[in-house]
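For clarity, chains are labelled A, B, C and D in written order, and residue numbers in each chain start from 1.
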Amino acid sequence: MYRFACDYQEGCHPRILKALTQTNLEQTVGYGCDPYCEKARELLRQVAKAPDADVHFLVGGTQTNATVIASLLRPHQGVLSADSGHINAHETGAVEATGHKVLPLPAVDGKITAKQVEDYVNAHYADGSHEHIVQPGMVYISHPTENGTLYSRQELYDLSRICRAYHLPLFMDGARLAYGLTAAGNDLTLEDIAAKCDVLSVGGTKCGALFGEAVMILRPQYKEDFRYLMKQRGAMLAKGRLLGLQFLTLFTDGLYTEIAEKANRQADKIRDALKKSGFPLLYETRANQTFVVLPNEILAFFSEKYAFEVWGKPDEEHTAVRICTSWATEDEAVRQLVESIKAAGV
Amino acid sequence: MYRFACDYQEGCHPRILKALTQTNLEQTVGYGCDPYCEKARELLRQVAKAPDADVHFLVGGTQTNATVIASLLRPHQGVLSADSGHINAHETGAVEATGHKVLPLPAVDGKITAKQVEDYVNAHYADGSHEHIVQPGMVYISHPTENGTLYSRQELYDLSRICRAYHLPLFMDGARLAYGLTAAGNDLTLEDIAAKCDVLSVGGTKCGALFGEAVMILRPQYKEDFRYLMKQRGAMLAKGRLLGLQFLTLFTDGLYTEIAEKANRQADKIRDALKKSGFPLLYETRANQTFVVLPNEILAFFSEKYAFEVWGKPDEEHTAVRICTSWATEDEAVRQLVESIKAAGV
Amino acid sequence: MYRFACDYQEGCHPRILKALTQTNLEQTVGYGCDPYCEKARELLRQVAKAPDADVHFLVGGTQTNATVIASLLRPHQGVLSADSGHINAHETGAVEATGHKVLPLPAVDGKITAKQVEDYVNAHYADGSHEHIVQPGMVYISHPTENGTLYSRQELYDLSRICRAYHLPLFMDGARLAYGLTAAGNDLTLEDIAAKCDVLSVGGTKCGALFGEAVMILRPQYKEDFRYLMKQRGAMLAKGRLLGLQFLTLFTDGLYTEIAEKANRQADKIRDALKKSGFPLLYETRANQTFVVLPNEILAFFSEKYAFEVWGKPDEEHTAVRICTSWATEDEAVRQLVESIKAAGV
Amino acid sequence: MYRFACDYQEGCHPRILKALTQTNLEQTVGYGCDPYCEKARELLRQVAKAPDADVHFLVGGTQTNATVIASLLRPHQGVLSADSGHINAHETGAVEATGHKVLPLPAVDGKITAKQVEDYVNAHYADGSHEHIVQPGMVYISHPTENGTLYSRQELYDLSRICRAYHLPLFMDGARLAYGLTAAGNDLTLEDIAAKCDVLSVGGTKCGALFGEAVMILRPQYKEDFRYLMKQRGAMLAKGRLLGLQFLTLFTDGLYTEIAEKANRQADKIRDALKKSGFPLLYETRANQTFVVLPNEILAFFSEKYAFEVWGKPDEEHTAVRICTSWATEDEAVRQLVESIKAAGV
């Protein structure tokens, strides 16, 4: 059985384990104030060409989203998000638990547009009863999205322009950012993203680390006292250096993008095989996630050898599944899967 | 200018003012422990044929909804509601501010069905990731709904049956309950409602009182410590007797239903005129709210003499408005409005 | 039985009932946007000589405190308060329910000092672990305090100076403000208070109204979007004019201070009798609340004719009680109580 | 410079790194449903002789405390805790951020007594205004406490008896549990603790792991849906097996207690030296934390070679510090510190 169900089913890239092992008995101060965190921060600022960014290291994605959002909003404000967005759909109401409503916008393939944001905000203030309605206070996007899709440069720039025009901080959840930066057809650099977003998370958990998300706060008005909020939300790791070491390793010698690029190429092969075999893809993706509709009996056949994640039931006879590659996926497993897909094709 | 914009634009029924005046300088204990509250509680239990109900008096509707919902849910649970439900649309996220997500169901004319609830709950537990999703923990309905519509006896019984089967408390927001109980075609008594809901609010503010909502907790497992929660949410009025006196007056000699029935008959006349004049109604309502689509120039004509509430813009040339009657609406104003509608008709 | 237990055991000043009656069937818009609220706002600004203040009307004290505090703080911040402060002791955790810790300072007779605030803030930032500790974000005082005592001009000015030096908004809970402004020895005017506080509540419930608290936001940086927060906390009354009318009446022709002054003089007589009879007062008060320690048998004797509020048990043989006068207390009742006290004296 | 400042300044016990390395590229399901977590759960149940306990693995201590407490309380309830308790003093209001007040009891050396709890609860219900006061809903203790002290068998049994009599769940924060179980004079076994507490956390972060706290829910009424709450609070690690592997390693072959016992013996040597040298200890501790008052110039002398944590300033000339040993402390460093203490003695 080989697992293509998600991108967090193995441990971490061996270089990270090596770094942890080499430094294991060193003594450092806690809570992210150690030299490894400091170096990792500096490296992230360099790579993103954001020399003034505040960089923080948190443990997991749900925690990161809730902490960032609670920090940016006042009590009467909500966060605009794709209805399919992780904060709306798969975090057990972590944002609501901080007191804020997620304001869902109907997404197309996981994405929302500048126009949707603008229309929503204008409609809010045009409504005579707007004080009776949650005020849109920020915008959340994920990149890649939960559907594996990507914002284009133009789309992100448009969103950023509208957000700044309306004083709405724009927060990008980059849990799978590595895969986005290296997908075929992607035209966004980390520098672009850092210039156009106000807060950005750079995912470690799904991109080669054992765990960990870096948060970059890119504009000064959103920086104040973020470490207090981290502590309050349980997001300040005692042995913070574990996070610093991991991000330091991931951003040294281009490891972060190197491992993601490989996973994307593997996914391209799988997608190519699926298309050739006549299995319809749910979304046009180029990063590490592939969504495909399979006849149930074909899925049963695959399930003897591979684990996929069930994504939905379009009808009685078919099942939609997600097929993930990751930094850890083996070429041989991909080769076999491709063979299986060809064999299953019509 | 005569206002038909809402049902809270006047003070209160004169009998209430009289009761307040007559008792004004009496001394009583505070916080709802006075004899007037006690009598009003007893009266409500009798009228609803719910001798074991706990009855509490709160000040306003948003407060009532948030207090009840926060009392019934555990932190990871949300409340199922029509997407058009007041808690989802017009309370500035009061429920989310208590930490809970409102789980919106697509409503038809403001109502949700037993089948929607059942399907939602089944889908939740069938999802392998259900621990990552807000758990449906209760059901909120309003009666009449925000669209002025009513649940039939069958519909409510079906909802209640499903809710009890799944151990979901069913909470009815009766902010306009008086109008619902007396609408033409209504087949639900207060006794039916008290038997089938778990918590019920009985609206005062829109039904003849200066302010105030009664909460009836109808089943023992939901009663504990509700007064603590009221205090915490600012819903325990110091001079609680003001609420007791108002509900005592409203439920003496059938005043509550008498005044609502009159308002409904007035609304029937307005609806009848609108239909005859060819103006399409948005929803089939029989209680005190009427929703109609008017050509903009007709609305401009009406607006010289009447205030309505804008409900939406179906297209550039038309506006949807709400026309409300209430316990305070004068027959003469209705007569004139009906004349104006006839004059505006095609 | 005559009740001296608290200052909310009667209805309201007759002039208010008259105003409500006279305007009862007038139609106005809701939610505090009516002409009566507008006039009341203007009047409060004039009386406080605070022409730029935002003025809002809320229903009750707990609600007012929680709404103001939630509006002023970020998530990691708490509110400094006397340990005996109402928000810390008698609001069932309403502030904590908005996510914020009350940071209690040991009070002397209900009051805290500028030095305590300064020391607390300095100690916070001097602590190397301050990010692990709730940050002091504002200061709450009540005036009169829960112990009936008053801040002097000098004390308030000192507090204000420290608060402004440390950018901590200073919020005065004036639930009994009328009694404070008219107590013997008081040297603070409403104008002084408005100049030195950042947010001020002006109590109605305990000072002649049926219910209602006015909130004055005195500095621009704290004004934004307060009405959204009111709605979210259930503090925006549908028939807001009820609040406007009450404050308009209270602040017309000096009624607010006139009725409080009378209550204070009545309390002076009671205190005078208690002292002469040898019963020790707990705090040196000059406003409408008196706290006295009575032998249990004397209390039993009083309790046949009068209701007091039990305030504590200093020892087995004695009980501390609160004796309140109010705008509604009758001179004859005071005369009789004074006689009883004399009769009980040693 | 050798650090004795805290017990989280190194990585993890080498056996843990070895286990992580050996399993690194294995594929498992996520979120704590993997075989390693399952085995670790079984092992903990065995060691605690609590075969029916639910066992969950969370990342950090603040997160664990907030998640457990939010799961156990209803909205109007607070948690009784020593005033020096971690939740009251050093978690940036994480508990309050979930809506609950921490109810501080004056601690003696970090501990609270059954009598304090009983008196508090009785006083609460005896107060006529108890609905206006946060209801005590559970009891939090830490063992060892923040002051390094330990509950005796008798003290814990008394607390447990009172808690069960009043239906208050008793939650023990065992962030440093390993050191408590192996301290000289300790008379509590893990089995005792599991029998007498309702929820228990078993610390990993400070006891040899990279990170991680195990939560044991020991009585059925507190188990329901805890995983939803973990997810909501960001406490459900994607690669949950990292936690399972660590606890599996710690509880195999007695590693958990073996490493703690060594640290305690090292601390005993340090304490012995301090006493002999005439430096007064703040609390009588036998586990891995030592609190001592040092003249400032002596502290300056030590600070050239050792890092301690400042614990307070008893007066101008003295400083209180915490000296920690841990699973990682080297014998040679202890030997040198003991020599330095002797040299500094009077």
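As a convention for this text, contacts are C-beta pairs under 8 Å (C-beta built on N, C-alpha and C of every residue); 3 or more make two chains touch, one makes a residue touch a chain.
None of the values given here were measured: they were computed from a predicted structure.
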Ask   = If you tally the C-beta contacts, which comes out ahead, B-D or A-D?
value = A-D
Ask   = With chain centres set to the mean of the C-alpha atoms, which chain is at the far end from subunit C?
value = A
Ask   = Between subunit A and subunit B, what is the separation of their C-alpha centroids in Å?
value = 42
Inquiry  = As a quick test, compute the distance in whole Å between the mean CA positions of subunit B and subunit D.
reply    = 50
Ask   = For subunit A and subunit D, what's the span in angstrom between their mean Cα positions?
value = 34
Inquiry  = For subunit A, give me the residues that contact two or more of the other chains.
reply    = 75-76, 91-93, 97-99, 131-132, 135, 228-229, 231-232, 236
Request  = In the complex, go through subunit D and note every residue touching subunit A.
outcome  = 2-3, 5-6, 8-12, 14, 17, 20-21, 23-30, 59-64, 66-67, 91-94, 97-98, 205-206, 210-211, 228-229, 231-239, 242, 328
Remark   = Given the complex, residues on subunit D that touch subunit C span 75-76, 78, 89-93, 96-102, 128-129, 131-135, 310
Inquiry  = Touching residues of subunit A toward subunit C in the complex: what are they?
reply    = 31, 70-71, 74-76, 98-99, 131-132, 135, 225, 227-229, 231-232, 236
